[in-house]
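To keep things simple, chains are lettered A, B, C, D and E as they appear, and every chain counts its residues starting from 1.
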Amino acid sequence: MNMAPLVDGSLVVLILAVAIWTIAVRDSFAAVVGYAIYGLMLALAWVRLAAIDAALTEAAIGGGLTGVLLIRAAVRLRPTESVVAGDSPAWFVKALAAVLAGAVSLALAVVVLTLPEPAPTLAPQVAEHIASTGLGNAVTAVLLAFRATDTLLEAVVLVFALIAVWSLAPDRFWGGRPGQHYHLEANGMLAYLARLLPPLGIVVAIYVFWVGADLPGGKFQAGTLLAAMWLLAIMAGLTDVPEVRLVWVRIALVTGSAVFLIIGFAGVPFAGAFLAYPEGYAKPLILIIEAASMLSIAVTLALLVLGPPERRGQS
Amino acid sequence: MSSVVSAALVRSAIFLMFWVALIGFSFSALLVGCVAAGSATWVSLRLLPPTPQRVRLGALVLLLPRFLWQSLLAGWDVARRAFDPRLPLRPGFVAFRSAHAPGHLRNTFATISSLMPGTLPCGEDGNDIIFHCLDVGQPILEQLAAEEKALAHVLDEGTGDG
Amino acid sequence: MSALATLIPETTTAGGFLLVLALVLPLAGVFAALILGGCNARRVAMLTIPLGLALAVAIGVELVQTGQTVIYLLGGWAPPLGIALRADGLSAAMLLTTTVVLLGVALFARDDFETPENLREARAPFMFWTLLMAVWGALNAVFLAGDLFTLYVALELLTFAGVPLVSLEGHSETLRAALRYLLFALLGSVLYMLGAVLLYGAYGTLDIAILAERVRPGMLCFAAVALMTVGLLAKTALFPLHLWLPPAHAGAPAAASAVLSALVVKGSWFLVVRLWFDVMPGVVTFSAAQLLGGLGSAAIVVGSVVALRQERLKLLVAYSTMAQIGYLFLMFPLAFDVSGNGPVHGFALAGGLLQVISHATAKAGMFMAAGLIYAALGHDRIADLAGVARTMPITVLAFALAGLALMGVVPSGAYLAKKLLLDAADGSGQWWWTIVLQGGAVFTAGYVVLVLASVLRRRSEPLLLVSRVSRLSELVALALSAGSLLLALAALGPVPGEFVSSSFAPKEMGVLLVVFLGGSLLASGLSRRSLLGAAGANAGVMRRIAAGVGESFELADGVIRRWQFASISLLMLAILFGGALVWGAPPS
Amino acid sequence: MSQLLDLWSIVAVSAGVFFFLAGTVGLLRFPDTLTRLHALTKADNLGLGLVVLGLLPRVSSPLAGLKLVCVWLLVLLAGAIASQLIARTAHRSGPKA
Amino acid sequence: MSATTLFGLCGALLVGVGIYGLVVNPQPLRKILSFNLIGSGVFLLFGVVARRGAALGMGGDPVPQALVITGIVVAFSATALAVALLLRLHDASGTASLTTKESPEPSDT
């Protein structure tokens, strides 16, 4: 007896139910908590689609970090909620929106059912060339060799987004510390967790990074874990956010992209193209890029969650 | 000073074992594992400076079967209520006077009790822990007291070495 | 990478590395500004932008000399596995325009965004210069990337760089405008991404050139094109998806408005052009192009009329951008032949490209002039601009020249563009677009006349200036406007001579006169205040009817710019485009 | 033996799915954030645990099995503490929902 | 129906659900959440495309799988920026509404 259909069917039903619920429920706080749950369920769907790398990313970023971000926002916006909720549209607007959204879904469903057989795929090409990268994980090979440009630009996206977030700081707080100040409750629950979990998280993160070359995992998942651990320590009040004017913070942000660019340009004389790796050196170079990126991603993600500077620096 | 060194050694050994459990044995992996264990230990010493008062992790493991059973009951309890068409809930708050002083032991107790049927710690009021309950008609306080006693049996406050 | 030579259909061309440099230079500038700190951000920008201009010129020269698309295979991996950078004539022209406008903006804003002496870093200057390079890097990625997913990332880069420019001043109104902009742009990019996903599912590649060979008309392609098109239109703010544009562009600082209006909206427009003419020429249909042109026409009419109703100069210019965006979409129907199936290009593509370049330069100049007037007077109420022409002649001249350029007066780029498009309309038998093209000029004349009439009025008491504006800024605005006005002369090379030779012929002068008269009539009829001051008192029936018309347009615009209306329009457009593609498709 | 293990897998995973379902039904039906948290933490933790137990006979090596159990315990710990933190926030920011 | 198709239909529906929420919910925070739902639906569709391309012992076509990871990170950046903008608007104006009643801007109702 095969239980896969049962698992898949229930999973799809649950995902859709929670998704509809996060849209329908009145209370925003409940909706964002629901969204975090939804992210975790979606990660299970990714496992069922044999995309463990995506599952890890979805669980860490989709469920975890996005959840934290939205929950914090929901708490801060709670007082305004009833006011804005009064702007709810008329029933016929809702009906029209439902019909149109349904039409889009229907069209997509038809497209899904008519996708060509056999499905086009680049898997054979990846398999053919993966040996030259020395990597065992095809997803990592795509991210850091075949489509390294996307990955480089994505690191740039994170930096741009952070610059954009920082640009929102009120002038008087420019250069100061992001987010509110968190008081340490020495015997509190959060401090309890924040003392125990981060060291374990660091070991797991480095594990995820290290096996990423050959098994599911890599710098994004590892960086996200590190960011989560740092955030935990900050929110428990065990440590404070650095001021955004500090040079080491800025250097930490761009190190990943800078190393990526330098190795990329070194590829021009040594491997014949920008972002190419010399024969036999691909794997160590990729690991160097990933290690640098992991740290930059961790710092950037954590600072993105914390938001623009809201406090003046101490000095 | 020596307590810091010994704590560092013990902790880095634990982290390294954790690493090996994750990845298995291999020389190159062990090198990276040393880096991982080193940084984990450094962070751990910063976040949790060694003090004489500690929770015994080994003793905690002994409590595991009891908690597993409790969490099975808790899941069943929720499922029963969720599927019942009448939605039999009488939610409310209960204040429980904990015998433990604020600190690790109390936090451990609170964490464990969150896995028990019908209770969810959601704040503190002086010496009391405020629990949110699914059904205030149940004998919540008695349950909690029994749980705390079981925990105290296994853990001696202030003498751990973990 | 030895095995590649046998595999690749295309290889890196001689000047290909220039593309890598053009992609990386702005990003390196952003990183350098971040590390070196605020007081050096301006220096970095001032250093990299001229370098970028040199690169853009070099790419253009390479293109002209070899006569072939410049290609670079990143990492040595050929598509579909890898990603290629490609620069054709369209990309090269856009690269060049972007750097020229950015150089102008940088010079214009040199003094406005200066870090105070006593500070190591101040927020606004640091952010402005960093974001300027960020916009540039994102645009270069949009112009060069040959892969639909890389383009998605580039589009997001552009959004993340553009949105904070809107809210640079941090007032709650601009924050709100930025949030609306961001949310709508995100909806747009996710729809674009959805289309790309479907295409990969069907054809197993995201590379533009390979896709172009593989696509076949069918349900899936229609859905993908419809989703991607409306997603990009939302980012371009084509009517009726312009809810975010007027407040965002009017609320930003002048230099930022110039960048947003002249360049940022062109990024997504460029991708629509790529999608329709390079990826999907065999899929897009005459009827879908008519729909696109129809939206463009509506944008021209609504944008211009509402522009005439504005009381503030910057809002007027912002609404004029909305109208000008409409112009950019007239090239789509004109690239089709009534009888044929696929697009035939003809002169339409060249016309559209020329239009986008002339609009970029003229609109940058116009926003700069508006910003200078605001800075000098401390307000930009159009009714109180009397005497400005006397006090700030260069600025007013810049505004006037930009206006003339937008109207399409000889020898502006827009004139030549209009000529090419009119020719395409004649050639393809679509006479109806002739009306829009000629009528649009009358509308443009309307709001230019409105502003000029106000600034040229004499003032009894002397004009009080709250601050002195920099002469350099005034000259930059003038240079960009004049550049746009003289663009046709620069573009003479590839264009047949007869277009311009008859330029001063009586017929042209006659058309110009009609345009001006029509514009004045519109301005006096539709504007909130009567153009001639006193005439408002004894308003005639005509004037009252016209005012009513103007008011109803304004109301309609208000409704259209509600979130629900705009987002529902977006969905309806997606369905309409899908329908137009299915309906016009050749029987398979 | 292998049939017995298969049966175990099927029973345990089905029961796990049942509890996930129960948690979600609770999330949808229970009246406010705090009661919903009960539903989620308790039922979903149990569901995950049962799925892990069901999968245990199918892993390739004891080490992999240990890893699975580790994952569950970590999720249990993090889930229990996260739910308390959310509960605190919900409790503090007012009785509403 | 295969499991892959099932998840594909799930993705299609998620896109619709998200679009509906984005259109009708007046609260910006909920619009941000809806945007994330649409995004996850799109990524799920991409995952289905990847899964269909399984070949040569790979569980799926690694190219779309890699792009999904990039996409998730980009979507997170967008969410972070939107949330920061929303909170800043709330601090500056005291409301979290996309519209103002007294401004010349149109007001959503």
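Before moving on, here are some points about what is shown:
Just so it is clear, contacts are C-beta pairs under 8 Å (C-beta built on N, C-alpha and C of every residue); 3 or more make two chains touch, one makes a residue touch a chain.
These numbers were taken from a predicted model, which means no experiment stands behind them.
Path length between chain D and chain E in the touching-chain graph (shortest route): 2.
Highest inter-chain contact count (C-beta pairs) belongs to A-E. With centres defined by CA atoms alone, the chain at the far end from chain C is B.
Computed centre separation for the pair chain A/chain C is 32 angstrom, with centres defined by C-alpha atoms.
The centroid of the Cα atoms in chain C and the matching centroid in chain D are 52 Å apart. With centres set at the average Cα position, the gap from chain A to chain D is 23 Å. Measuring from the averaged C-alpha position of chain A to that of chain B gives a distance of 28 Å. Listed for chain C are residues 81, 149, 153, 156, 160, 163, 167, 170, 175, 194, 198, 200-201, 204, 564, 567-568, 571, each touching two or more other chains. Touching two or more other chains at once are residues 89, 93, 97, 100-101, 104, 108, 111, 115, 119-122, 126, 146-147, 150, 154, 157, 160-161, 164, 168, 189, 192, 200 of chain A. Across the assembly, chain B contributes 22, 110-111, 121 as residues in contact with two or more other chains. Here the chains touching each other pair up as A-B, A-C, A-D, A-E, B-D, C-E. Interface of chain E with chain C (complex): residues 15, 19, 22-24, 26, 28, 31-32, 35, 38-39, 42, 45-46, 48-49, 52-53, 61, 63-64, 67, 70-71, 74, 77-78, 81-82, 85-86, 88-89, 92-93, 98-100, 103, 105-109.
Within the complex formed with chain A, the chain E residues making contact are 3-21, 23-30, 32-34, 36-37, 40, 43-45, 47-63, 65-70, 72-74, 76-81, 83-88, 90, 94-97, 99, 108-109.
By the touch rule above, chain A contacts chain B in their complex via residues 187-189, 192, 194-196, 198-200, 202-204, 206-207, 210-211, 233, 238-239. By the touch rule above, chain B contacts chain A in their complex via residues 11, 15, 18-19, 22-23, 29, 32, 35-37, 39-41, 43-44, 46-48, 102-104, 106-108, 110-111, 121.
For chain A in complex with chain D, the touching residues are 1, 3, 6-7, 10, 14, 17-18, 21, 26-27, 29-30, 33-34, 37, 71, 75, 78, 189-190, 192-193, 197, 200.
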